[in-house]
Amino acid sequence: MIKYIAKRIVQFIPVFLGVTLILFVLQNVVPGDPIKLIAGEKKLDEQTEISLRAAYHLIETDENGEPVFDENGNTIETPMWKRYIQYITGLLHGDLGRSYQQNGKPVAEILAEKYPYTIKLALVAIVIESIIGIAAGMISAIKRYSAWDIGVTTVTSALVAMPAFWFGMLQQLFWGIFLKNVTGGAFYLPISGAGGPHAEFQDWAYYMLPALTLAAVSTAYTARIMRSQLLEVLNQDYIRTARAKGLSRKAVIFRHALKNALIPVVTYIGMDFGGMLAGAILTETVFNWPGVGFETYRAITQRDWPIVLGSVTVIVVVVMVINLVVDVSYAFLDPRIRFDGSKSE
Amino acid sequence: MFGLGLKKKNRIDLRDTPVPEGHHLLEVNDLKMYFHTQDGVVKAVNGVSYTLDRGETLGVVGESGSGKSVTSLTIMGLIPMPPGKVEGGDVLYRGKSLLDMSEDELESIRGNDIAMIFQDPMTSLNPVYTIGRQLSEGMRLHKGMSKKDAMARSVELLKMVGIPNAEQRVKEYPHEFSGGMRQRVMIAMALACDPDILIADEPTTALDVTIQAQIIELMQELQQKNGNAIIMITHDLGVVADIADKIMVMYAGQPVEFGTRDEIFYNPIHPYTWGLNRSIPEPAIDEKHPLTPIKGNPPSLVDLPEGCAFAPRCPYATERCRKEMPKVYTTKTGHYSKCHYSADEAFVRANAPETSRTKAQRIVELKGDM
Amino acid sequence: MKETNTNNFDVAEASEEARTGSGSVRPSRTLWGDAWQRLKRNKLAVIAAIWIIFIVIVAVSADLWVPQHFGSPTEIDSASMKDMSRLPPSPEHPFGTDTLGRDVLCRVIYGARISLSVGVLATAISTIIGLIAGALAAYNGGWWDTLIMRTADIFLAFPYTLFVIAMLAVIGPGIQNVFIAIGVLGWPSIARVFRSAILSVKENDYVDAARAMGASDARIIVRHIFPNSVASVVVYATMNIGGAILTESALSFLGMGVVPPNPSWGIMIQDGQTYLATEPWLMIMPGIAILTTVLAFTLLGDGLRDALDVKMKDA
């Protein structure tokens, strides 16, 4: 198993280098001098500009971080490939660079502030997704063609066909505005922000609508996968064997079908959790949620490239680790999986 | 909720009830099972009748789609309804109708009194549970055994069906077994509760030829020990040649001929049975004798011909065959056939394959050598 | 278990002899003819197809009749703007008017043009790149396969929305850039689908048979592999159009897609966000437009999948 994990990590290295390289190149082909982005409206004197360029590794520096000059007294621009190597070296030391804005705050520090919000939101969403998605899919499959099944199929089809941000706004409209009007302000949910010591509501209330929105599409997919898996499993020969043994329909479903059907569902939920940790840009934007997705979106619109690069780097690593964990746990669920990645009959 | 459902209200054990006077262990009377589909009504089983007693073996022979498996699944109550629907007839087990039983009652019979082995051992075992667990399940359910006792009995069962190193093997998963070994496990599973009737649905079709003979032999051996009845379903007349006491030949959902093994092999009176007889390969005997396949394909079960279902393929078919559904002709011995001309001895004598008798003997000899 | 599978009775495959013997039988049809018959029986897919055709007709013919009734989708009449701003739905303005006094129905109709063209063009770009990449990977195998599929992995390792946004931040907003970005980033999934379709077709005996008979590679691809893999690509592309429409709306909502005053549905929802509490129809109407259009493409894709009997993972 350790061999398998090591192999996966080795396989991941080229993917990781490819992703960061593409972003790094993208960032450097963007028109505009980073210094202008750093300085904003302010006019900089030459000395400040040179020290800024040195601080952001845009020009060659000596061991002390002082700028190096050529024979004409000009600074030497660091070539892109060298900056990329510097970036990767920095990564290995936990250095993600510094923001162009926010007074040059280290990217790692900014992400450390934002990530807990994203993680907590993802956890709440994944709980909603697992419980509602699996239950709905099971009922739908067991009572196939019933009103339940038609209802679940209709709702899930609609959920995957609507934009997540629009669904979020409908939640705001219903839980935040409509309920407030109807109950005369007695009961409603907050539609923006993440709470805090001086907030109007207790913290949990702020999680409700963003988590529901974030979970919506995933819940729909979970229900559909659960339904189709269970239907497929119930059609298998070994289910007939179990019935022929005299097991009741209920016992067959819970003892024989469920475990087989759940294996792909659990995998999907695991992968989806990885995706949620990548930060939900749309959900976080609609609800002003101070997570990593919103921060990345903000950074993109303001061309704060070090944050974009840093957060995507972290996201890609997180997603890869989650996927690896999912794959390894798969082997515990399904005895046919061997760690060479193959599946026997 | 996740239990085996041991606390059932209507548990009955029919095994110890003697077969009532005038009844057989299993009686199938004019059974009709139709499927209602988008394309129309599929008459999958259309008037099947036979009887079976303890220690007997019935061979059910027919092409795929002839309704032989559906008949057995109907007896087991394993046909999903809808789309399936029993349109007539009855199935009596020890004089009690299986079709009238509640689901609860049927569950106490399935796997306990009547057990079944399926065609494809590769897909008939649950891949995520150990062999031991799957074997124990039935015994815990029907016999109320403890987990430990059931597991110990599972080891015995595996030994009985000839799986070496059984103590170790019960802890393994199905994918760690070969096809032949899996079919042995299936047999062990079916015999776990010592059933009255063992239904084997093409138990050897998915296996290597060498394994086939072993599996058949194993089933016979266990039958001699336990005295159970066997229903052996197959598309291959050769498979039942040496083990069946009675044979039912099915075509397009209907039994076309039923009789003892000797009657079917030595004195068949239905042209379809003749065709099956002629298509048994006999390479060891004479190379010049060509196999005679039955030309054409079975009719659509949605849209059966007006007259005899076999008429479109029957070389002897007459206008009457195409127009009029033949009645069942029964001889004094209970040998029956569904053909207008079965009673016509001259016709039978003129057209039945001459080699029937010798051929059957040769097959028996051949099988004996294996 | 063949005999209990009611949809797939062996005996249904009756041969000539049996057919002539029994009155009515299924006439033999081609793959696509058969698929068409099955598609017609799927009510949801038929409704979806009708809805798509309706939207296309309305969007294409919009210039002929919409401006006369509802005014321009983009221009603002500054004289009457104040009186016309954010009127609730009424017979003259069935979906109401927006802040700048423009008719919302008119903008939804013109928004359909943008959504449909982005959906179709982006899918076309992804499909072309994906087909070429998938075919090269599957047919050549070896290094080609490794290189192309590893590149696809890199693309798929990115969080998709983030990737599209980053790309648009670099190349700038605007409708052309939107479909280029969505199109270029969408190829890996099509390449995967096509590659595995080819590989599974390649394993079929009839391809071996064709090769044994001396058919050239090109002939095998064109005559045997392509017709048998194209079904899965058609299904995938249909579903992909819906996905591309969703992505476009998200990009425009974030202000990185179509540029105002062009009437993208995403922009309209974003405009409506400010007036969520007071004039919710501003965001509800374009949202319903997205929902129904995307749903129609998904249902049509589902219908095609079932009709063409394409094996796909759910979701």
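Letters A, B and C name the chains as they come in the text, with residue numbers starting at 1 for each one.
Note that contacts are C-beta pairs under 8 Å (C-beta built on N, C-alpha and C of every residue); 3 or more make two chains touch, one makes a residue touch a chain.
None of these values were measured; they are calculated from a predicted model.
Student: Suppose every chain is reduced to the average of its Cα atoms; which one is closest to the average of all protein Cα atoms?
Tutor: C
Student: Taking each chain's centre as the mean of its CA atoms, which one is farthest from the centre of chain B?
Tutor: A
Student: Specify the chain pair with the maximum number of C-beta contact pairs.
Tutor: A-C
Student: With chain centres taken as the means of their Cα atoms, state the distance from chain A to chain C in Å.
Tutor: 25
Student: What whole-Å value do you get for the distance between chain B and chain C if each is reduced to the mean of its CA atoms?
Tutor: Roughly 50 Å, centre to centre.
Student: How far is the middle of chain A from the middle of chain B, if each middle is the mean of its Cα atoms, in Å?
Tutor: 56
Student: For chain A, write out the residues touching at least two other chains, lowest number first.
Tutor: Where chain A meets two or more other chains at a single residue, that happens at 237, 240.
Student: Counting only residues that touch at least two other chains, what does the list for chain C look like?
Tutor: 1
Student: Which residues of chain B are in contact with two or more other chains?
Tutor: As it turns out, chain B has residues touching two or more other chains at 118.
Student: Show me the residue ranges of chain B that touch chain A in the complex, using the header's touch definition.
Tutor: Those residues of chain B that touch chain A are 1-5, 76, 78, 103-104, 107-112, 115-116, 118, 120, 122-129, 137-138, 141-142, 173, 175, 186, 189.
Student: Give every residue of chain A touching chain B within the complex, in rising order.
Tutor: Touching chain B: residues 236-238, 240-251, 254-256, 259-260, 263, 333-336, 344-345 of chain A.
Student: What residues on chain C touch chain A, complex-wise?
Tutor: 1, 150-151, 153-154, 157-159, 161-162, 165-167, 169-170, 242, 246, 249-250, 253-256, 266, 269, 272-273, 276-277, 280, 283-284, 287, 290-292, 294-295, 298-299, 314-315
Student: With touch defined as at the start, can you tell me which chain A residues reach chain C in the complex?
Tutor: Those residues of chain A that touch chain C are 14-16, 18-19, 22-23, 26, 29-30, 157-158, 160-166, 169-170, 172-173, 177, 221, 224-225, 228-229, 237, 240, 268, 275, 278-279, 281-282, 285-286, 293, 296-297, 300-301, 303, 308, 312, 315-316, 319-320.
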